[in-house]
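Look at the two complexes coming up: subunit A is in both, with subunit B in one and subunit C in the other.
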Partner chain A sequence: MQMLVNALATAAILAPAAVAFTLIFTLFRYANFAAGGFVTVGAFAAWTLNAPLGLPLWAGGVGAMGVCAGAVALSDRVVFRPLRGRGGGTLLLVSIALSFVIENIIRFGYGAQVKGFDLPLTGPLVFAGLRVPKETLAVIAISLVATLAVGALLAFTPIGRAVRAVADNPSLANVRGLPVPGVEAFGVIVAGALFGLSGTLVGVDLAIDPNLNWAIAIPVIAAAIVGGLGSPLGAAIGAIVIGLAEELTAAYFTPTYKGAVGFVVIALVLLLRPQGLLGLKVDRK
Partner chain B sequence: MTLLRLHNLRAGYGGGDIVHGVDLEVAPGEMVALVGPNGAGKSTLLKSIAGVANVTGGTLTLDGTDLVPLPPAGRAQAGAVFMPQERNVFRTLTVAENLQVSAWGRKDIARRQEEVTTLLPTMSAYMHKRAGGLSGGQRQMVGLGMALMARPRVLLVDEPTAGLSPLLVGEMLDVLRQLAAVAALGILIVEQNARAALERADRALVLVDGRVVRSGSAAALAQEPDFGALFFGEAA
Partner chain C sequence: MDAYFVAILTIAGIYVILALALNLQFGLTGLVNFGVVGFFGLGAYASGITTESFHAPFLGGLAVAMATGAIAGALLALMCLRLSGDFLAIVTLGFAETIRLIFNNEDWLTGGPKGLLIMTRPVFADLGRAANAWMVLGVVLLGVALTLALMLRLAGTPYGRVLRAIREDELVPATLGKDVFVYRLQSFVIGSMLMAGAGSLYAHYVQTITPDNFTTPVAILVWMSVIVGGPGNTVGAVVGALAVVTIYEGSRFLSPWLGFLDAEQVSALRFVVIGTALILVIRFRPEGLLPEPRHRPVVPATSRPALKG
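And then the complex of A and B:
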């Protein structure tokens, strides 16, 4: 049971970023491996607002979402938009390069020292033998609400339908009168805000340092692939799968191999069910 | 009264013109068929009106408004709505969502959806299915419904019967014919089943190598002894 709580906590950190990753993939058809870099930007932005500037963490989180939305929008404008129309492989490589650039900018600005949020000390909640820190409960609740809110936004609102329509067929969306660049920009900003949220949540659970980049990127990408690229709900479910897999690995093998879980799960999914849990099968043309 | 007017229109995709100086007019309630051999530039002409192909010369107006400076989305908002031949539905959205998203920016979406469903009642049966799972005929009907959601003044229809069974070909063309009359809609249609289109259209133009080689009453054109030769491009 404790393992399940830990798995949910991991899933809660990964889920917003995995939804963001799949949103970008759905809109632009490339895997943005800078996901970990953006989450790290979110963590440092939240830390800057919380620790040195003394704002409460919720305000730091909101600020981090804004900073990340701006960072992702800027990267889209400067790096990815000029390369639209190139293959997904090219953009993937560019995103890996961007990830290293982001990591080193952070390292340059903040140094390599580990940082942590300025949070009041609170005891864990104990019930039925389970010890659940209040922060963990908050992380799970916030992530759940945010992920459901984005899912509802995409499923039930006009702008959400427009995002899905543009992702499905941008040429048709264009002749149907949809403002395609505006809709794409909206999707990018939502994805950025989600990266920022993940960054804040990860900082509650783990130490904040520039190495978060790849430590978080692989499980985030694995969660999106497990869920089925293009499915936000799938990405959230994928995050739970990765969270469970990491906890089981730590419990029955060794925590050292937790970092390898994402790679193993990606390999298994690609072998057994390439479209992921909720993804749609597509024909290669 | 003329709704859509093309004068000496030239168009292409950037590698030289494909349409060479076409004059064409469509009035409200009128169905105009564009026929001609493969590669004549029929679809390019439609796409140039919709903003998908480049207009390189001439004029293009909708009710006096110059469409040339407008992007595709702006032309759709202005009332020149294009129904592509292929990939004309959002496959991952339900039929209802396809209709709703096609009325982007409009306030009366629910009422419009009801009106469109009244005009195309067969859609009600699969309104909540994903469009990607529909048959070819159903998809074409949804594509038409989506185009109608945008409150078109002129509908630019590119081969709406491609891939449909002979029975559905007539049905689709009849629907378009009725829409033109009921909704006072101008329809410019490119159709591979030339005879079936001419039976329903008011006027027709025969396009060969990007130029209009014959135009006039659709019924009269269909009766011309060299119609087959025109259609297959031998009279160009």
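And then the complex of A and C:
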């Protein structure tokens, strides 16, 4: 049971970023490996607002979502938009270079020291022998609400429908009178805010340092692939799968190899079910 | 200064081999391998362990390293080459990170974070520091020459043309009866083998390898070499690697003017510049410094209309 709680905590951190990754993938058909970089930006933005500036953490989190949305939108405008239509491989290479640039800008500005939020110490809640730190509970609750909200947004609202239409076939959506660039910008901003949220949640649970980048990118992308690229619900379920796999590895094998779990899970998915848990075959360029 | 020059040339030679190997995989065949540093590290450790734990000579270590690289490359390729480039990229990236975790944690085999000390050197006898350094450089340059000869030969043959055709549109060679999967597999395995070979040379040159020697920046530098040099152009990969190593090593000399920054910041700044340059080259000059030579089809002599009857 304790393991399940830990797994959910990990899943809660990964889920928003995995949904964001999958959203960008469906809209623009490239794997944005800078996901880890954006999550790191979110973590540092939240930390800056929280620790040196003394704002409460929720305000830091909201600020981080804003900063990340701006960063993702800026990167889309400056880096990715001019390269649209260049093929998935090129965009992927660029996103890795971008991730590398982001990581080192953060290292330049903040140094390599590990940072943590300024949070009051609280005792864990104990239900039936289960110890759940209050922060963990908050992380799980916030992530669940955010993921469901984005899922509902995409599924039930007009703008969500527009995003799905553009993702499916931009020229058809354009012919039908949808403002495609506006809808794309909306999707990018939602994805950015989700990266920022993941970044804040990461900071609550783990340490904040520039090396977060690759450490978080692989499980996030793994979650999106396990769930089936292109399915936000699948990405959330994928995050739970990755969380469970990491906890099982830590419990029955060795905690030092938690970092390899994402890679092994991706390998297994590629061997057994290449379209992911909930995915359909996606056309790629 | 002389010793420094020899050291830079040795490192540059190792990067040239890595760039040539990646150029075979990405430049010619279009395979996005982000695990360059994984194969490089695998070769370094395989070679180091073979010569230190099993007291094999340098050539034995090199052979084991290349075999290990080839096997690892084949396994990864079998797993994901049928799928598209995105998956290959994430799997190879995950491979590199996982390999580094193993170097870090399996102390009994790799020495863990303290590193592995390698006494075996590719030299005949101890003739003093300077002579040894020159001899190591000679061995590395021999490796470069052999790799370059192999690549120039491969790129010019019908085999190389099939690889290029696969990169452009795999349906075309498939229609002509070429087994696309087998070609991709071969290209990936040869590249991985050469990367591991470069790792072996590196290990016996630096003599102490730690997991920190095999992190993402190395992969970025190799990618930068191929992209700047001109993907698909063998000579371009060599020029690109030399240019990147010159810029990277040369930027050390800027440190005195950046005295207001600490060492961490200078290192971060270098990587920001390198990453940004990579993005700019991809955007504004995707064909690189030396574009891939266009293949001119041989125009048949004026064809005579077939005589009827």
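Note that in this section the second predicted complex is superposed on the first by the 281 of 285 C-alpha atoms of A that agree within 3 Å, B and C clash if a C-alpha of one lies under 4 Å from a C-alpha of the other, contacts with A are read in each partner's own complex, and residues count from 1 in each chain.
Just so we're on the same page, contacts are C-beta pairs under 8 Å (C-beta built on N, C-alpha and C of every residue); 3 or more make two chains touch, one makes a residue touch a chain.
Treat the numbers as computed from the prediction; the structure is a model and nothing was measured.
Enquirer: Considering only the touch criterion stated at the top, classify A:252 as touching first (subunit B), second (subunit C), both, or neither.
Expert: neither
Enquirer: What's your read, subunit B or subunit C touching more residues of subunit A?
Expert: The partner that reaches more residues of subunit A in the superposed model: C.
Enquirer: Check the residue A:94 against both partner chains and state whether it touches subunit B (first), subunit C (second), both, or neither.
Expert: A:94 sits against subunit C, while subunit B stays out of touch.
Enquirer: Examine A:262 and indicate which partner it touches, taking first as subunit B and second as subunit C; both and neither are also allowed.
Expert: In the superposition, A:262 touches subunit C alone.
Enquirer: So, does A:180 touch the first partner subunit B, the second partner subunit C, both, or neither?
Expert: The answer is first: A:180 touches subunit B but not subunit C.
Enquirer: Would you check which partner chain A:82 touches, where first means subunit B only, second means subunit C only, and both and neither mean what they say?
Expert: After superposing on A, A:82 lies in contact with subunit C but is clear of subunit B.
Enquirer: Show which residues of subunit A both subunit B and subunit C reach, each in its own complex.
Expert: none
Enquirer: In their complex, what parts of subunit B are in touch with subunit A?
Expert: 50-52, 71-73, 76-77, 81-82, 84, 87-93, 97-98, 100-102, 104-105, 109, 132, 146, 150
Enquirer: Enumerate the contact residues on subunit A facing subunit B in the complex.
Expert: 158, 161-162, 164-165, 167-169, 171-180, 230, 280
Enquirer: Hey, which residues of subunit C end up touching subunit A in the complex?
Expert: The touching residues are 30, 32, 34, 79-80, 83-87, 89-91, 93-95, 97-98, 101, 104-105, 216-217, 220, 223, 227, 262, 264-265, 268-269, 271-272, 274-276, 278-279, 282-283, 286.
Enquirer: Would you tell me which residues of subunit A are touching subunit C in their complex?
Expert: Against subunit C, subunit A makes touches at 30-31, 33, 79, 82-83, 86, 88-90, 92-94, 96-98, 100-101, 103-105, 107-108, 111-112, 214, 218, 221-222, 225, 254, 256-257, 259-260, 262-264, 266-267, 270-271, 274, 284.
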